[in-house]
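Dropping the structures in below, format is structure tokens.
Two complexes follow with chain A in common, the first pairing it with chain B and the second with chain C.
Then we have the complex of A and B:
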């Protein structure tokens, strides 16, 4: 009894990054539905709306105007209704400090934005596949940490 | 609109009613009502197909499924999915309970237990789960390793022995390759996260 597609959301203020991201998912074997938001405020407004469909995986850029990825992460982790959403940090930064901090704050995945499209596709496919394993096999999500 | 006076009441009882059914509409209605009753966000797509707009726990699905049986409506599960689930259960059991089983024996063990050739199982598994049996075994072993690190406080040497790895280095590398972080970083992050909560 699986859904036949995976819901993905990306919040990122960079238009090119959003475009590449959507294109990469279009080319994957796994069927996904991708929604994007330009910043954290739009994202949280959507998630807090009553009729919103929660994503299976939420990708958060760290540096966004108005509301940063970190602030979104904090808000999401505080609210129990979001507990099934896997959170992926999607950032240009690869500082060990950022990585460890976001993991401790509750992120499940940390992705350093790849420089080329091929790597991006590979990385996103890996994320979706591993998340799918957690989702379909009842693995303990508290132990779900993945860095790519 | 009928107004039935008492004089005709008797006659009405004796009348025969001829009914016409729209089975499709009835089934839709029953489904819709039951889904609402169970608070399941859904969309009825067509005859015999319902799209769930939210994840259902096994418990909720079962209770919904039981309720439908009253109307002789049965949720058809795909035979392939059932076999895949059996493969998964066998692997999980192998990793978590039968600690002497190794990767090498997994193929033979699976085909013996499930009565299909390993080639068939392996193709089916990849088709349905987007991953391979080999990969799934690794994921399960790493999951078990995480549990042992966090909950039983075992060190990597003890875990490598318990899970029949040829060396600690092998387990450590596999952990890093699968999760992107080292076992010690994993332990540090989870500990700090727990302190935070």
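Then we have the complex of A and C:
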């Protein structure tokens, strides 16, 4: 039953961004289940819970109160049971520093939040349809930042 | 030079000893010769005296003979008187001769023989008298005696003549030897004297020339001393000497001045100096100096403070080096420097550095605010606008649509400004590493970034080959990218854009545009386009932040792109110049130091 859906989680403290995110998936013709969390603490509580369903792709905002995206990334990468989750950094900034740091820490892709809705839909479609097994093998610092 | 003179002093010493030796020889030889001369004149006198005495004896004998003959003829006893006196005189002369011949055995032997002969003669006289006194002249015995007397007389004559001859011969021989000796002596003395004079002259000229050298060296030393004094004053330095054998200190005048005292105003002892050392530094200072004095070793740089009598605190730096002079005497030569200003400068510099660091931190905080916090609301405005356009646009009136377009343009422009500003503030070199990069690849990457607009404009870009240069690679790529897009943006409407990028190595002296070159050679890159160009009076303005030559409705842009170029070039210690001709094109010339 799970195979039919792509499980997606977004951790972002910004209500508008969560709204755009969900709207975009609603409009895309892909069967997804989207779950959102308001910050890193809620996200990690969920992931660490006994009965949680691990997402196929986790979208992580970097700048969040209480627990930042970087901290979440660190915890997730430390724990072997999360090893199959593809992690997409989803941030307003695309500073070299952030890109380099998250790449080294093991994130799979870096997405700079687009500034129009059409682009957002295109980006999310692209990311969700990536074959992660194949993609991760050819990953390097240059193609880590998603460019359309 | 002085050391050479000192080393040569053995030469002078040996010349002195040789000269003294020569004078001694001359003295000795002269003494010997004079001795010989006086001996030889003694001999002469003796020989003459001997001859005279011998002649006297003979003449007395003759007188006696004559007297005898007179007596025989006249029988008058008056004629016997010379005979009687003659005998006495002969004895007297004999005594003289004995004294004269005391050192001559031949003469002594001859005298003995002569004495026998004279006695014999006298005996014949006596006998003849005995006969003659009685008038028996015809007596055989008388005749015989008389004849024998004559014969003896002849023998005596021969003997005396022989003796005189022997004496004369000996004298002649001596005289000859002496004369030949006397001939060579003055020659020898003269030569030796000449030789020693020459030596003395050589010594004299050597001493004079050495003296000259020493004088010259002395003058140099004086000058050096004076210049050292001056440089000590200018350089805020003082020097001191620790004499290891004498165990005494010597301080230079300026060392006194450095501690705020009059030159040589107190005894240069360690204790007197320590009195000025800052109480907090005394312990370490003492330890360092004691170690130096105990082990006679070089003093590495030590740092301490002193307090002058008027309360001023000064920072000092001291070091010393072991020195051995020509006589092997060991001294520690020390230099003390007042580094108060240096330390103050250092402190100011440190404070400024801290301030700069603080400023940099503030700037990066601003960067973060700009990149994240400012972009976020803008992004949302834009996203909501796109949602609004998609879903609600058909409900709007014509003017409503126009307002929405204006809002969209304003938002886009704001995004551009924020992006460019961010890029400008990120173009720092402090945290960027220089690496050897293939400039050809960086140019290619820049062209790829702009591939879309290059294709759209059908632009022709040509370039020659670049070497690898030590640069901050992504900044150089950015530089090319900004300049090419600048050329594309300000293209001429009548022509296909053409951009020529030329590299060559340039000699700084051949490039008058570089006012203060820091390197002899530069990498020179010129980027020439055939665009709209610009008035040359704006050539410098175009690099100023937010400076634009055209209205923003004619050409979109933020006025930041070329400022970023300038900043990048300056990060590389390079220069960038622009040159334009309206409606012909623009040329950007970039120089990077050739390392």
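Here is the rule we use: the second predicted complex is superposed on the first by the 128 of 148 C-alpha atoms of A that agree within 3 Å, B and C clash if a C-alpha of one lies under 4 Å from a C-alpha of the other, contacts with A are read in each partner's own complex, and residues count from 1 in each chain.
Please note the rule applied: a residue touches a chain if its C-beta (ideal position, glycine included) is under 8 Å from a C-beta of that chain, and two chains touch if they have at least 3 such contacts.
Please read all numbers here as calculations on a predicted model, not as lab measurements.
What is the contact status of A:95 with respect to chain B (first) and chain C (second): first, second, both, or neither?
second
In the superposed arrangement, does chain B or chain C reach more residues of chain A?
After superposing on chain A, more of chain A is contacted by B.
Of the two partner chains, chain B (first) and chain C (second), which one does A:116 touch, if any: first, second, both, or neither?
Second partner only, chain C.
Between chain B and chain C, whom does A:143 touch in the aligned arrangement: first, second, both, or neither?
In the superposed model, A:143 contacts chain B only, not chain C.
May I ask you to decide whether A:29 touches chain B, chain C, both, or neither, giving the answer as first, second, both or neither?
In the superposition, A:29 contacts chain B only.
A:20 contacts which: chain B (first), chain C (second), both, neither?
The second partner, chain C, only.
Which positions of chain B touch chain A when the two form their complex?
Answer in residue numbers: 51-56, 61, 75, 77, 81, 88, 92, 129-131, 136, 139, 143, 146-147, 150, 179-181, 185-186, 188-190, 192-193, 196.
Within the complex, which stretch of chain A touches chain B?
So the residues of chain A touching chain B come out as 1-3, 29-30, 53, 84, 100, 103-106, 110, 128-130, 132-133, 136-137, 139-140, 142-143, 145-148.
Give the list of chain C residues in touch with chain A in this complex.
367-368, 371-372, 375-376, 378-380, 382-387, 390, 415
Any idea which chain A residues touch chain C in the complex?
14, 16-17, 20, 23, 63, 92-93, 95, 113-118, 120
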